[in-house]
Amino acid sequence: MIPIGYTFVYSFNDSLKSNITWRGFTFDKWLNVCNVQNGAVCQAFGNSLFIGAVATVAATTLGTMIAIAIVRYRFKFRSQTSLLLFLPMATPEVVLGAGLAAQFLSLGVPKDMLTIILAHTMFCISFVVVTVKARVASLDPALEEAGRDLYGSAWQVFARITFPLLLPGILAAALLSFALSFDDFIITNFNSGAVTTFPKYIYISAARGIPAEANVLASAVFILALVVVVTVQVSGAAKARRLAKLS
Amino acid sequence: MTIGAFADRGADLQLVGIEKRFPGFTAIENLNLTIPAGSFFALLGPSGCGKTTTLRLVAGLEEPTGGRILIGGADVTNQKSFQRPVNTVFQSYALFPHMTVLENVAFGLRRRKIGDPVAKAHEALLLVELDHLAHRRPQQLSGGQQQRVALARAIVNRPALLLLDEPLGALDLKLRRQMQLELKTIQEEVGLTFLHVTHDQEEAMTMADIIAVMNKGRIEQMGEPQQLYELPKTAFVANFLGQSNLFTGPVVSTTGTAIAVDVSGQKIVVPLERAHRVSGAVTIGVRPEKLTLHDVAPTYSDGRNVLGPGRVIDVSFSGVSTQYLVAVPGIGTLVVFAQNMAFGPAAHVGAEVWLSWNVNHGFGLDDDPTDAPRFEADLDTKTIAQQRRSSLITEFEEA
Amino acid sequence: SSGAAAKPTAAADTSATNKTLRWDNWALYIDVDDAGSYPTLDAFKAQTGISVKYTEAVDDNNSYYGKVKDQLALGQDIGADVACLTDWMVSRMIRFGYTQELDHANIPNLANLLPSLQNVDFDPGRTMSVPWQGGFAGLAWNKEKYPQGLKSVEDLWAPELKGRVGVLSEMRDTMGLIMLDQGIDISGKWGEEEFTAAIDEFKKRVSDGQIRNIKGNSYKEDLANEDTLAAIVWSGDIVQLNAENGDKWGFIVPEKGGTLWNDNFVVPIGSPGKKNVEELINYYYDPAVAAEVAAYVNYITPVAGAKQAMMAIDPLLAEDSLIFPDDATLANAYVFRGLDGAEEQTFNGQFQSILLGAA
Amino acid sequence: MAFAAFSSTAPSATAAPSTDPVARRRSPVALFLLLPGILYLVLFFLTPLVSLLLTSFQSPREFGDIGQFDYAFRWQNYVEVVTTYWPHIVRSFSYALAATFFALLISYPLAYFIGVKARKWPLLQSLMLVLVIAPFFISFLLRTLAWKQLFSDESFVVQSLKALSLLGPEAHVTGTAFSVIFGLTYNFIPFMTLPLYTTLERLDVRYLEAGNDLYASPFQVFRKITIPLSMPGIVAGTLLTFIPAAGDYINASRDFLGGTGTQMMGNVIEANFLVLQNYPSAAALSIILMTVILVIVSIYVKRSGTEELL
Amino acid sequence: MTIGAFADRGADLQLVGIEKRFPGFTAIENLNLTIPAGSFFALLGPSGCGKTTTLRLVAGLEEPTGGRILIGGADVTNQKSFQRPVNTVFQSYALFPHMTVLENVAFGLRRRKIGDPVAKAHEALLLVELDHLAHRRPQQLSGGQQQRVALARAIVNRPALLLLDEPLGALDLKLRRQMQLELKTIQEEVGLTFLHVTHDQEEAMTMADIIAVMNKGRIEQMGEPQQLYELPKTAFVANFLGQSNLFTGPVVSTTGTAIAVDVSGQKIVVPLERAHRVSGAVTIGVRPEKLTLHDVAPTYSDGRNVLGPGRVIDVSFSGVSTQYLVAVPGIGTLVVFAQNMAFGPAAHVGAEVWLSWNVNHGFGLDDDPTDAPRFEADLDTKTIAQQRRSSLITEFEEA
């Protein structure tokens, strides 16, 4: 909590270039986030959002498919598949990043946005599988059977029963993927080429002092997340109370 | 019977030579069954006997390895689940948690593109007296209410055949009895064919028009509840449907109307038309409530069988009636029920008693008593417990 | 992951249509005004229509190179059209074919390049690189917290400074100063033996905790938050820091000698903006512009005539021997001699393993 | 919520409701569902790992320049990196172990409070949970840098510690093993807390009551019942902390909380890759790091009896 | 009673003025209760009446807001749970899933550092006949087996007092009956004091020496099962423990031995010693099994009450007995049970019948009938359902 508070407070620092010593309170940084250094902070931030979004969609799709297959079907090489899914989680990020970087290098793949997305998707898949799998496993197959029994074709049953019921799990997985991707530095650093993401921007600027604008953006994300989570929780609690009253 | 149309009345169901093998296990063996249209049919049997499997075969959720399934005369063996004019009320209800009660009920109608699904769903909910909760989610309902939604969700489709897989299994006794009555009422009102799976014999007896008792993938006996109870054909049925006192012995004489069986030296008479086997070693029996306790040896009379003397080894009061366990030397322990018409037990532990019953109340089984007991493990648990207890008591007394 | 076998080829130039230019440079290396914009770059844009995206992306030659080397090897755009890197690194990049050849015809002001810099061993005739600024590595100290100040590298090892000393991750500067302190002429012929002696000293100071930090240009943060009170630093930086934070630090080129170096413009092989870069170089080789930059950054300008131009701006600065070094200053400054590939590998390896705290 | 994700890294004590054999079928659909994801992982995870393995045996090109290597089978690379960098290997695992230990020490009571004690106050529970996951939403680099500032020699924290003589006048915080382990611990606390929380949240307090009823004092209940029952969460949490901590290079970096004496394997791998351009060494170190982690993980998982991780 | 020692026999339990308030809700109000040492005591009551709370107070898992708890004469009110010579068999068993059966059973012994815990645990497992499964984990056992392990885990400690919180609640009927017998056997054998909580009246009646019927945090009536059943004091007890036919009316005459009550014009006699109120408006009742059906009006006799004529509106066969619903104009619907001593029902739906019972079998309640019915919602669900059904049937017939 302390560092978060620190970050927040220093987003109001009337600093020059580096944001180390306290020089007075100002809202300027909040108002002009994208106006310094040709908007480099904002661009990095935007890159991170974009990469996070694409990687999340890709990883969530692939991971959800795998999760459904693992719980609902029998197939050969089950244990090998499980191992393949577990390994990325047990591999330190340096190794993942370095390995992939070496691979791209020897294949002559230029490092840019695409390589970052490919890398992020890779390490997110396992987390998605784990998250969604739990949800699939707790999904009563009788519900799908009931759907079929009530004249739903295979596709209708998937679209109207299976998918909506898995949605909370899928959303949780997506959120997790996004958070992992958005905050990843190590793997990104090895595979980003010239593209700058938000963490990378911070890392690079760490050397010469982080501009207060970075604090502004980080604090903004934090506050936004806080507001969203609190709203969800509070409305959930209110709903639960209403439910309790009903019964 | 086409889908997209409502059944205006129940259809009959015919299973012809159905067989279902799972890898390494045969769950159903040559099953033949006809359920008349509009009847309330109960499939009764112990856990694992194949009830659910039968039902899933009818619903099309499982494919038979052999045989044919006909609904209203039409062969549906190769139809997919969603094409059959059949609906199921699942044991766990399987209500869709992400839809309101109304959406749940309208689901099937919408899939079949039947006009005005919402109005029809409301009607069905009115029938189960839950229309005021139409906009709740299933989680917000009590167990009994959920059960009624499940029923409405199935009934709204006016299926020719409604399958119920222990829909009351999850309820506690009180609610269960209440639901039984409601189910029965609704069936009578809408006139559909109900195929009800249960392992609760009391439930089957109070609700069904016809009961089939299933055991190890086969139908042991089928008929009206009272008929099955009064005249069980096998030891399995005799003990699964209520309790029985069974005796084994050779037929020693036969008249035009009855057979006499020697049970450890005492002669017991069974009417010919109530005996499935009439010669050789046979098993005969009588229900505990048909027995009368006597504290003096009853005088022999033509119409009554008498056993005794025996000793009362346990008396247990249960409110409405009292249960006595009577050990008769050479024969074993008999169970007697006596309604508490008066205060206090008719006999106390340790008392010497005789037992008698109307000859017409006995029955003779079809089982070959020399066979190894086929259903040993499926013996009524209460009986096992009673037997265990009395053996314990004997031990204590000896010690 | 082997080093590239075939040399990459230069990217097609789109300068004619794309009037933007990306410039990676070190921190504290260009003039900045209070609003945070760069006056000389603004003027450049006004003059040529080319807008420059200036990024302080270089903290240390090695780490910068590490980030871009893979793209360079593939001949791809590294996200910069021009970068200013130190002589030895430029030498490596030229060897590997990672730089584009400059068209001197587009840089008429190159005539202003000081004669002493017109020919260097790694780039005869300056076809690939043009100096941006030069400077000294010397010693700085916090005048408030360590008023006694420093005279020599030896002074850094004073017990009072234990754990409060910073040195540069730039091997040639840190090792250079130590070797000079040990009496070795780093421009002359020296070998492994001399280097090892210096490395031993360095290692000792690191492992006994005398040296706190080993950093690139980010050493300035440590000075600012006073984690370090004395450090090996680059000359101009201290003047700029003093301007920003009040006259807090002293600077000196040690008695036994400091290092002298240049950072040079190079156009990475994948850049499509070489012509724009040439215009940029040409602009900064205008003595008036050069003087304006030098007046702010306080580094040695390679542009002849800048001194005269400086007289107009600030006569005092024109006399500053750190910006316009006189012979006496130059006599005490040494250029680290060139290393071949194997030497580079060995010496840098030894140096880095100390940074990593290896056995 | 994202934290729900962590629940499942550890199998729950109660079996999943419907792994009913009836529900599982063999079907071509399985292939359709699996293939894209599996191919993806083979392409972008497995093959890089293999090429990393190949790289780790490369040898320097004869008369080559810096960063030039050829494929070979130079197993000596491994010997060299181990002899050169064994302190880093040891340091990586001991720091990671220490950080895991401290994170567990801090997270367990926290998770216990949120998951068990706070059940009565759902709002407090969700608020505390938000505070635990909050760090996910602010870049960990920024948070680490904030610590660096907070721990700088002239900072309030360090000055007060010195004033209280808790810290020697010459001592400092940044650049020490303490600050690196502190940073690792701090950064991975959410990864420890969340799996712990999800198991503790499901902890049936009736077991604790049964323990009490069977003459176990509160401490004994904790040791004999609470801890063993939350084992899946402990295993998941320690793995999610230990693995990334062992491979981390941000906290130990000289630009963040570390110093020359605190460099970990991650830093060495990075330096070899990016600065020294000694790719074989970097690859060999990576392979060693991964192998050691896999060995530790599988022994640990076996011993704690929570094998079914995925 | 110190811990660390085995109780050689059960201890008595005394609750003195116990009160338990939860924020905003009083769960227990001035509860006084004495359970004699060595007895099997059942606490019976509807859901939410405070049974579990009482038990948790005794176990020390909850602190009373008032009153004292004494075990074997010693005040344990301020002792912590783990210090009390009490063990609990939890409703959910709460077997430790991470330990084997044996470790579960030995747990309490080890905590008290009692010598040779493993051998003692094996002994306890032998007692519940599960020693062969000692090394399994609880998840690998069936529900009934788990229940027995829970029992062994408690009994092995030889607690002065054993608390059982609906330990059979999770079992199906069959298993439940079996377990009841085993529990009882074990209690008799080891001689401990059992405090058994249940909401199953049949369970309480067959097992307990003494039953306390609890309602809304208070004890309504307490006594031996048969006594409670034969002579309920309140309408709540009369309907909770079995079913009752209740009638309300003014006392119209009193003799030295009986009172006569006017029920919608028909006079019903109740013996004086069986009537709790003897003047004014009273509620009197009779059990369904005490009623006799007559198809002709019975001649008046001194010893019998007669009601009728009425009409049979429902007959339901349940094997052992048949239940008749008889609507008597002006009085309401009466329930009659008749044991199926012969075949076929004694009366058919629609038949005109009279009802009679031995005057000595009636009872008079203590409730003031002018009070609003205190326990309306707690009416036996079966009764509600039956009432609903008969009203439905009436509707149908009218339509």
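Which chain is which? They are A, B, C, D and E, in the order written, and residues in each are numbered from 1.
Rule of thumb we're sticking to: a residue touches a chain if its C-beta (ideal position, glycine included) is under 8 Å from a C-beta of that chain, and two chains touch if they have at least 3 such contacts.
Computed from a predicted model, the values in this text were never measured in an experiment.
Note on connectivity: the fewest steps through touching chains from chain A to chain E is 2. Shared contact partners of chain A and chain B are absent; no chain touches both.
Shared contact partners of chain B and chain D, listed by label: A, E.
Ranked by the number of C-beta pairs in contact, the top chain pair here is A-D.
Separating the centre of chain A from that of chain D, both taken as means of CA atoms, is a distance of 18 Å.
Per-chain CA centroids place chain C at a distance of 93 Å from chain E. Spacing of chain D relative to chain E, judged by their CA centroids, is 56 angstrom.
Chain B and chain E have Cα centroids lying 27 Å from one another.
Residues of chain C in contact with at least two other chains: 1, 215, 218, 225.
Multi-chain contact residues, meaning those touching two or more other chains, occur in chain D at positions 51, 55, 149, 255, 273, 279, 283. The complete set of chain-chain contacts reads A-B, A-C, A-D, B-E, C-D, D-E. Residue ranges on chain A touching chain B, taken from their complex, read 140, 142-143, 145-153, 156, 160-161, 164-165, 243, 246-247.
Within the complex, the chain A residues that touch chain D are 1-4, 6-7, 10, 20, 62-63, 65-66, 68-75, 81-82, 84-96, 98-103, 106, 118-119, 121-122, 125-127, 129-131, 133-134, 137-141, 168-169, 172-173, 175-176, 179, 183, 185-186, 190, 198-199, 202-203, 206-207, 210, 214-215, 218-219, 221-222, 224-226, 229-230, 232-234, 236-237, 240. Note for the complex: chain E touches chain B at residues 173-175, 177-178, 181-182, 185, 200-202, 205-206, 225-226, 229-230, 241-242, 287-290, 292, 316-321, 337-343, 358, 360-361, 380-382, 384-386, 388-389, 392.
Those residues of chain D that touch chain A in the complex are listed here as 1-2, 4-5, 7-9, 16-20, 22-27, 29-31, 33-34, 36-38, 40-42, 44-49, 51-52, 55, 122-123, 126-127, 129-131, 133-147, 149-150, 186, 239, 243-244, 246-250, 255-256, 265-266, 269-270, 273, 279, 282-283, 286-287, 289-290, 293-294, 297, 309-310. Interface residues of chain D, counted against chain E in their complex, comprise 13-15, 204, 206-207, 209-218, 220, 224-225, 228-229, 231.
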